[in-house]
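Structures incoming, each one as structure tokens.
Each of the next two complexes has chain A plus one other chain: chain B in the first, chain C in the second.
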Partner chain A sequence: MRHAGRRIGLGLYVLALLLPIYWLVIMSFKTNTEITSGLTFWPRHFVFLHYHHIFNDPVWRHGFLTSVTYVALNTVISVTIALPAAYAFNRYRFLGDKHVFFWLLSNLMAPPAVYAMPFFNLYYAVGLFDTVWAVALAHCLFNVPLAVWILEGFIAGVPREIDETAEIDGYSFPRFFVRIFIPLIGNGIGVAAFFCFMFSWVEQLLATTLTATNAQPFIAVMSRTYSAAGMDWGLLAAAGVLTMIPGALVIWFVRNHIAKGFALGRV
Partner chain B sequence: MPDKPLNNKAWFLVLPVLGFVLFSSLVPMMTVVNYAFQDTMGQNHFFWNGIAWFRHLLDPSTDSGQRFAGALTRTLLFSLAVLAIEIPLGIAVALCMPRHGRAIGPLLVVIALPMLIPWNVVGTMWQIFARQDIGLLGAALNGLGIPFNDTQYPVSAWSTILMMDVWHWTSMVVLLCYAGLRAIPDAFYQAARIDGARRWAVFINIELPKLHRVLVIAVLLRFMESFMIYTEPFVVTGGGPGEATSFLSLDLVKTALGQLDLGNAAAMSLVYLLISLTVCWVFFTAMTQIDRRREG
Partner chain C sequence: MSLVLEQLGMTVRGEEVIRDVSLRLERGTMTILLGPTLSGKTSLMRLMAGLDQPGSGRILMDGHDVTGVPVRRRSVAMVYQQFVNYPSHTVYENIASPLRVAGLKKAEIDARVQQAARLLRLESLLTRTPTQLSGGQQQRTALARALVKGADLVLLDEPLANLDYKLREELREELPRLFAQSGAILVYATTEPAEALLLGGFTATLSEGRVTQFGPTAEVFRHPGTLAAARVFSDPPLNELPVEKRGPTVTLANGRTLPAVGALANLPDGAYRIAVRAEDVTIGEGQAGAFVFSGQVAVSEISGSESFVHIGTDLTTFVCVEPGVHEREPGAAIAFSIDPQRLFVFDASGTRAAAPTMAEPA
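What follows is the complex of A and B.
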């Protein structure tokens, strides 16, 4: 009896999650006349028209490539520089460690809206405006602290005896770190990379403020569907569906660790 | 943690992070501070303006002060509403999740899916979903005889944005609580069964205390994220109807990038940031306290 109640509760929640997604997906397969002429729960004629349009338009393709590039750059940068820092925070005490850690976290909590204008000025001044680097670096603002936080949690789970044994065995610190320590926290690195991917992929305000035409992200190209002739609903829906695919793919790989990741590695 | 060795050379390991974050937080912040204390007559000529911008902003009798107070109130109300709905709902759903089994993997993927959708796509999705002509939700509500139009009625606009946020982020609370629940050893439940404890007693005496820590993280993250919300309401309502859903960050971006009113925007940014930092600090302190109690 109790189990049935749980199942129903969970089922309702999952249903509520899937309903808006379902609506978007079926919309992307409808013709615009069908969309605007009334509600239908299944496309009367399945059309791939909108997807066809996106795949054959160089602007959309370029947008997709741009988005993937800055997300990948950001993920690599964030995790690489966060690793040694997370190790230091977990294993040692040093002058001002607590304050620096809090200051890092505070950047995670800073509203992107506050940074939109000064980032525009900064990246314009250093000549990176409208490049993938501008967005990749800007997203470091919240992704680097996040990666440090998650990795620190996972590193806390590795016993310190391993470090000491390696030192006695004559490993130098860089060799120990790369050969022994990094493989040990592989899960943590995967989860941190996943979160960096996620927050860089979904962010919109900075990504659109820091780019114009050369490095226009996919989500900014979506504004092309609003035209003088009215909304191209089908095209908008198709583009939206395409943005969900990378996330759904990546999440499959970390599904067993994701809950621990959300708890920042500390359960 | 008193047994950690003191080693100031560890600073070298932190340096790269420090460099990056300084570049992307302190340098831009200085521009903001600069604008906040100066005024301009155009042509890039700035002069010292003292705290005049702040005085205007924090005085509700001025235009900008009134606008700021309104936006701040709306944002705080929104954050509180988000917490009041998402935290209990998230705990409830997490309690419904099976602890073992093959269904767990796919279930986790579906639950996490909303969080991996770009925020403006989430906005677009709900903009479509809530429309009364082509959206399922809007049409259904109107069909039931409830007047619902998120571009005209403030109540509709608010409930759309609230529903969207619940849809988007409750999963994070679910995953956090799920992680916390899984960390409870089966022995605890067995002991409770032997004692003949009721479900509610198990929840209050075993599960809730163990969820303490993840719940602090959940409340912190949900408060901050909802306090900085920008893209989704921007796409769905654009801050309207009127100013009904014009939250702080929407107002800030409008002031800074739309009206190029730099002084006002900068002062707003600093006050906004200060509020965020204070809340963050309170939670951070709470978290380290919990850690210490656990260890000590």
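What follows is the complex of A and C.
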């Protein structure tokens, strides 16, 4: 009996979690008339109209591509910068190392809105405004510190003696780092990349402030849809579903290591 | 070919871990660094390897000063107490690693890896990764990597400490033989006097970052030059008593007087510390002329086919090794004797004043 009760409770909980996602997905296959006319749990007329619209509209397509580009750029830049930094923080002692390490984390505590204006002004002055680089670099502000923290935790799990053994074997530092060290913290790099991807993908304020038409991100295109006369419910729902897909794909790849990432590698 | 350490000193965070160490190690010899934990064995090895730089002193290899030369440009191999291998490489690649870096030809790498694998009985495990190996196999992989490199200086830092008893015995027998052919300068750190005696070669006893004695292992064991060296080379711990010598007698701390015979004869008057190894304390009255003491059994432990008896007296707690398995009740009255010929006598500064006069029993 107790077993069954637990199962029912858990089932209800999962149902409650999945309900909004389910609703979003079925909305994207309904016509706008059906959405606004009452409660239906399954589309009466299954339509691909909204997806068709998005895939054939160059503005939507360009928005999606822009978002994917700056997120990928940001992930690569953040992890590439964070990797040597995390190694240094873990393996060497230098003046103020602990303070700098903590100060990095404090970058994550300020709301992005604080940085939106200085970034806007700076990028406008140097001609980066309205490019994918503007967003990719701005997102480094919170993603580099995050990646440093996650990677440092994973690096701490690799015994120092491995570094020394490689040194004794005669490896030069770059060769050791690429051939021996990076494979050892592969999981950590995957997790750090995932978190960078996620935060960059969902961030809206900096992404919309630092771009206009050339590099308009997907979310900006979405927000444009509700300001237009009347609301295109179905289109928005379809866009929402498409937004979730890359995240879901990435989660699938790192699903076994995510818990370690949330603990910043310190499990 | 030789490795010479000249007055090495090293301070870590305000603490002197190595103090004024001078040693000369010759090619083709094995030197055992014997000392308790934190005595500086690992620190000294790291200095020899070049992983750490000394605060003072010089390191010479064949007469060339190599003090500041980075590890990767030296001919060194090292094996740690923890089993250190590259977890993402196979056993084969682990062993081949130093040869690949050296840029050897594929055929030669393969020949040398196969040979090392055969010597360390790893042939059937070459395609596995270290995580799929037992502790003993992991350490054999690390040893194979050190062997295959053919380095001039091979450092083994308590390589057998984390292995189980049986494996340890096997590897201990094989190790000196394996490296003997390479003609390298072999350095082996251990905390166990018994291990040092089994391995032979030369021994340097370490105490608080200082080399207290250096010489052929059996020689250092029989004739420790200082109290510190004698302590390090005694397991179970050395039995020590402060005494006062005046004329033909010595007075113990409890007022008892003993005739100044054996090692105690022919010494000038003054304060001394007499010491005797647990193996030289005999249960019972012993032979004529032995110093006889009495006390109560404090603890009795059985170790293999020997028994360690700790005996409380009004002087100190003595430890005695008794052959055979004996169970003794704590608190039981017991008499034991010490042959005055088997005493070490150290003066107030801890330097040996007299050593056992009898030859070692076979």
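The criterion applied here is as follows: the second predicted complex is superposed on the first by the 253 of 267 C-alpha atoms of A that agree within 3 Å, B and C clash if a C-alpha of one lies under 4 Å from a C-alpha of the other, contacts with A are read in each partner's own complex, and residues count from 1 in each chain.
Criterion: contacts are C-beta pairs under 8 Å (C-beta built on N, C-alpha and C of every residue); 3 or more make two chains touch, one makes a residue touch a chain.
Every value quoted in this text rests on a predicted model; they were computed, and no experiment measured them.
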| item | value |
| --- | --- |
| Simultaneous placement of chain C and chain B on chain A, clash or fit | fit |
| Which of chain B and chain C A:Val47 touches, first, second, both or neither | neither |
| Contacts of A:Phe102 with chain B and chain C, given as first, second, both or neither | first |
| Touching partner for A:Met198 - first (chain B), second (chain C), both, neither | first |
| Superposition-derived angle with apex at the Cα centre of chain A and sides reaching chain B and chain C, degrees in steps of 10 | 90 |
| Greater residue coverage of chain A in the superposed arrangement, chain B or chain C | B |
| Partner chain in contact with A:Ala88 - chain B first, chain C second, else both or neither | first |
| Touched partner set for A:Pro183, first chain B, second chain C, both or neither | second |
| Touched partner set for A:Ser172, first chain B, second chain C, both or neither | second |
| Chain B versus chain C - smallest C-alpha distance in the overlay, whole Å | 8 |
| Chain C-touching residues of chain A, taken from the complex the two chains share | 159, 161-162, 164-172, 175, 180, 183-184 |
| In the complex, chain A residues that touch chain B | 2, 6-7, 9-10, 13-14, 16-21, 23-24, 27, 35-36, 39, 77, 81-82, 84-85, 87-89, 91-95, 97, 100, 102, 104-122, 137-138, 140-141, 144-145, 148, 198, 201-205, 209, 219, 222, 233, 236-237, 239-240, 243-244, 246-248, 250-252, 255-256, 258-260, 262-264, 266-267 |
| Chain A-facing residues of chain C, complex | 49, 51, 70-72, 76-78, 80, 82, 84-89, 97-98, 101-102, 145, 149 |
| Residues on chain B engaged by chain A in the complex (per definition of touch) | 4-11, 13-14, 16-18, 20-21, 23-25, 27-29, 31-32, 92-93, 95-98, 105, 107-121, 124-126, 128-129, 133-137, 139, 167, 171-172, 175-176, 178-180, 182-183, 199, 213-214, 217, 224, 227-228, 230-231, 248-250, 252-253, 256-257, 262, 265, 269, 272-273, 276-277, 279-281, 284 |
